[in-house]
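These are the structures in question, set out in turn.
Below are two complexes that have chain A in common, paired first with chain B and then with chain C.
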Partner chain A sequence: MTETSLKPLAWAERAAWTAAVPANAGALWMVFGYAPVEQVMGEAQKIFYYHVPSAVTAYCLVFLAFLFSALFLWRERAIWDVLAHASAEVGWVFLTVVLLTGPIWGRSAWGRWWVWEPRLTTALILWLMYTAYVLLRLFTRRDARSARVAAVLAVVAFFNVPLVHKAVEWWGSVVHPEKVSLEPPMRLTFLASLAAVLLLGTAFTLARVRVGLLEERRLARMEES
Partner chain B sequence: MIETVKLLMMDAAAHPPDTSRYMAAAYFVIGTVLTAYYLFLWSRGRRAEEE
Partner chain C sequence: MSGFLRVAWEVFRKDFREELRRKENIASSFFFAFLSLVLFSFSLDPSLVDLPRTGGGLLWLIVLFAGSLFMGNIFRKETENGTLQGLLLCPVDRGAIFLGKYLVNLLFLLLLEILLWLFAYLLLDIRPGGRLLDLAVVWVAVSVGYAALGTLFAALIVQVRGGQVIYPILLFPVLIPLFMAAVSLTRRVVSGHGVWDSPWLRLTVLFDILFFTASLVLFDFAVEE
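Right after this comes the complex of A and B.
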């Protein structure tokens, strides 16, 4: 893996940033300048346009972390570990965005920062599990054993995602509706934001993979010398 | 629990806050978290390249 050329990766990362920055500028213009103000929740409803896409991006990334971790446990190739680590860390950042913006929206919509309802509780548990993953990688030696422990944690943590997704359907909630119907301009703004945030997640992940590979190379050089 | 949340929502609807403040706060938080993470990655990348 240390022989892997980083040039194609650097090129893909640049392409992702080049697409993500204008996409997010456009999405933000749509959020603030195009989407109508929702009648019941007012301006605070516009939090939805980045809150939900951040959750979708986080789900996609923790799925990738699950997939790469499973591959690492199967084959023990270092590249799978680098990819799993990058996906889990960026996924955790987007989960953090979800858990910070949700309470701000909640405070405005129902007057409370936090309510112990099923989706919020399961989302908090998911965030805590990936926080454990990030801390584990941060404070343990870079060796095969800690990589294996982290991979097991990423695989186990992913099984919480269906619980978060189905929490409203299974246990009920008045805070998160089962289905959301949007007017056409709102739907268009949501789709633009979703594409923009997914691109941002891709750019961050590619950047994180490049940093991970650079650090692996540095480590290999240090072991050689 | 659900009844309590319903009452809170009705109360919040009866006394609507300045919702634009919450929107601004949320987008400020999003910008701060993502910028901080970008800078963290950038500095780690620079350090790894230099060494």
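Right after this comes the complex of A and C.
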């Protein structure tokens, strides 16, 4: 990897954090200070403001992981691999958040830690696929071959997403809050938290990309010497 | 085109002969399946579980495990004997190599399913509800997809350290929609319904087409040095 400057990346990352921190602080205030308490589920419903945005962020990152993996398979430039790895890993983190916030909400709303309903089940299956990716990268060396293996996995996993959705939908459904129509203050809060979490995801991913690039650079230097 | 098929046939024939000669892969996988069947029989309380009706899902679980045991090794003898590079250096379309290996895996899975259901009928009285043809359709439809991803992933882990262990971890999450379809379709068959109009069959066929094509294309990247 040629020694291109990491400065633009560091700048972008700093910008992302500068935006993300106040955005999240603001969203937090809105969730607890502005958004009304929901009638049926009470305060616990507010976890929705992090549960759903985390899912959205995870899906975006999963898509990016696919995109970068495909690009890496097409043109084997290390930058695509670093981007793919970062997107998949951070996406996995947000999927984990979805799986942690879901049961917390579920326990308080329906009395059970887990229900096999379509959206949670889909999240679980996605999480399993991307945990496999994370484990694969943990257990393999940082070389072109392992990167290719991971890229193939990411592509296959992404192709599987619509099929997982369909399969889980038909498998059976239990109660899950359907498309609730949100009154304006709730919708506003939701949009705010969505923006905040997306910014957070961006910041984390950029940080992870920078770490990945530094790793590549270190490996390249070691090979040279 | 005929060259492509001829190469695939040669690879298939070579592997088929070798598997029969060495027997270790086939024998262990078949025996493992039978062992699992016996263990599952012990694990369920027949007074609470209507095995003839619900046993189908169990059998697919066994197919999943025993199948991965066999398929995970399909490239191992190539690396053990150092013949993988020789195979890849041949001036042939790599897709033909994939197809040859794929057909060996497909044949094994079909054989496994036939024998497994036979023993399940003998030991646990699991019957195909008078619709043996429909059951055969399910076997074929599911195995086509399973063998495709199984072969691709076997190629992926060939040069990964600890590949044998990570093979099922990578493969199983991606197979979940197919697995759900297999179980649902089997349930239909056992309860006496046909499978032709089931949306699950359409999902399975879609899965097969998508992942057979993807595996054929991605195989090249998987075995690249």
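Methods note: the second predicted complex is superposed on the first by the 205 of 225 C-alpha atoms of A that agree within 3 Å, B and C clash if a C-alpha of one lies under 4 Å from a C-alpha of the other, contacts with A are read in each partner's own complex, and residues count from 1 in each chain.
In this section, a residue touches a chain if its C-beta (ideal position, glycine included) is under 8 Å from a C-beta of that chain, and two chains touch if they have at least 3 such contacts.
Here the structure is a predicted model, which means the values were calculated and not measured.
K.L.:
Answer with first, second, both or neither: which of chain B and chain C does A:Phe139 touch in the superposed model?
P.N.:
second
K.L.:
So, does A:Ala220 touch the first partner chain B, the second partner chain C, both, or neither?
P.N.:
Neither partner.
K.L.:
Scan A:Ile47 for contacts with chain B and chain C and give back first, second, both or neither.
P.N.:
Only chain B; A:Ile47 stays clear of chain C.
K.L.:
Could you say whether A:Phe159 touches chain B, chain C, both of them, or neither, answering first, second, both or neither?
P.N.:
After superposition on chain A, A:Phe159 lies in contact with chain C alone.
K.L.:
Touching A:Leu71, do we find chain B (first), chain C (second), both, or neither?
P.N.:
neither
K.L.:
After the superposition on A, what does A:Thr96 contact: first (chain B), second (chain C), both or neither?
P.N.:
first
K.L.:
Mind working out whether A:Leu9 is in touch with chain B, chain C, both or neither, as first, second, both or neither?
P.N.:
After superposition on chain A, A:Leu9 lies in contact with neither partner.
K.L.:
See if chain A has more residues touched by chain B or by chain C, and give me that chain.
P.N.:
Per-residue touch count on chain A favours B.
K.L.:
Need the overlap of the two footprints on chain A, from chain B and from chain C, as residue ranges.
P.N.:
none
K.L.:
Which residues of chain C touch chain A in their complex?
P.N.:
Those residues of chain C that touch chain A are 149, 152, 156-157, 159-162, 166, 169-170, 172-174, 176-177, 180-181, 184, 199-200, 203, 206-207, 210-211, 214, 218, 221-222, 224-225.
K.L.:
In their complex, what parts of chain A are in touch with chain C?
P.N.:
That would be residues 73, 125, 128-129, 131-132, 135-136, 139-141, 145-146, 148-149, 151-153, 155-157, 159-160, 163-164, 166-168, 170-171 of chain A.
K.L.:
Okay, in this complex, where on chain B does chain A touch?
P.N.:
Touch list, chain B to chain A: 1-2, 4-6, 8-9, 11-13, 15-17, 19-20, 22-23, 25-27, 29-30, 33-34, 37-38, 41, 44-45, 48-49, 51.
K.L.:
Applying the document's contact rule, which stretches of chain A touch chain B when the two form their complex?
P.N.:
Interface residues on the chain A side: 40-47, 50-51, 54, 93, 96-97, 100-101, 104-105, 107-112, 115-117, 172-175, 200, 204, 207-208, 210-211, 214-215, 217-218.
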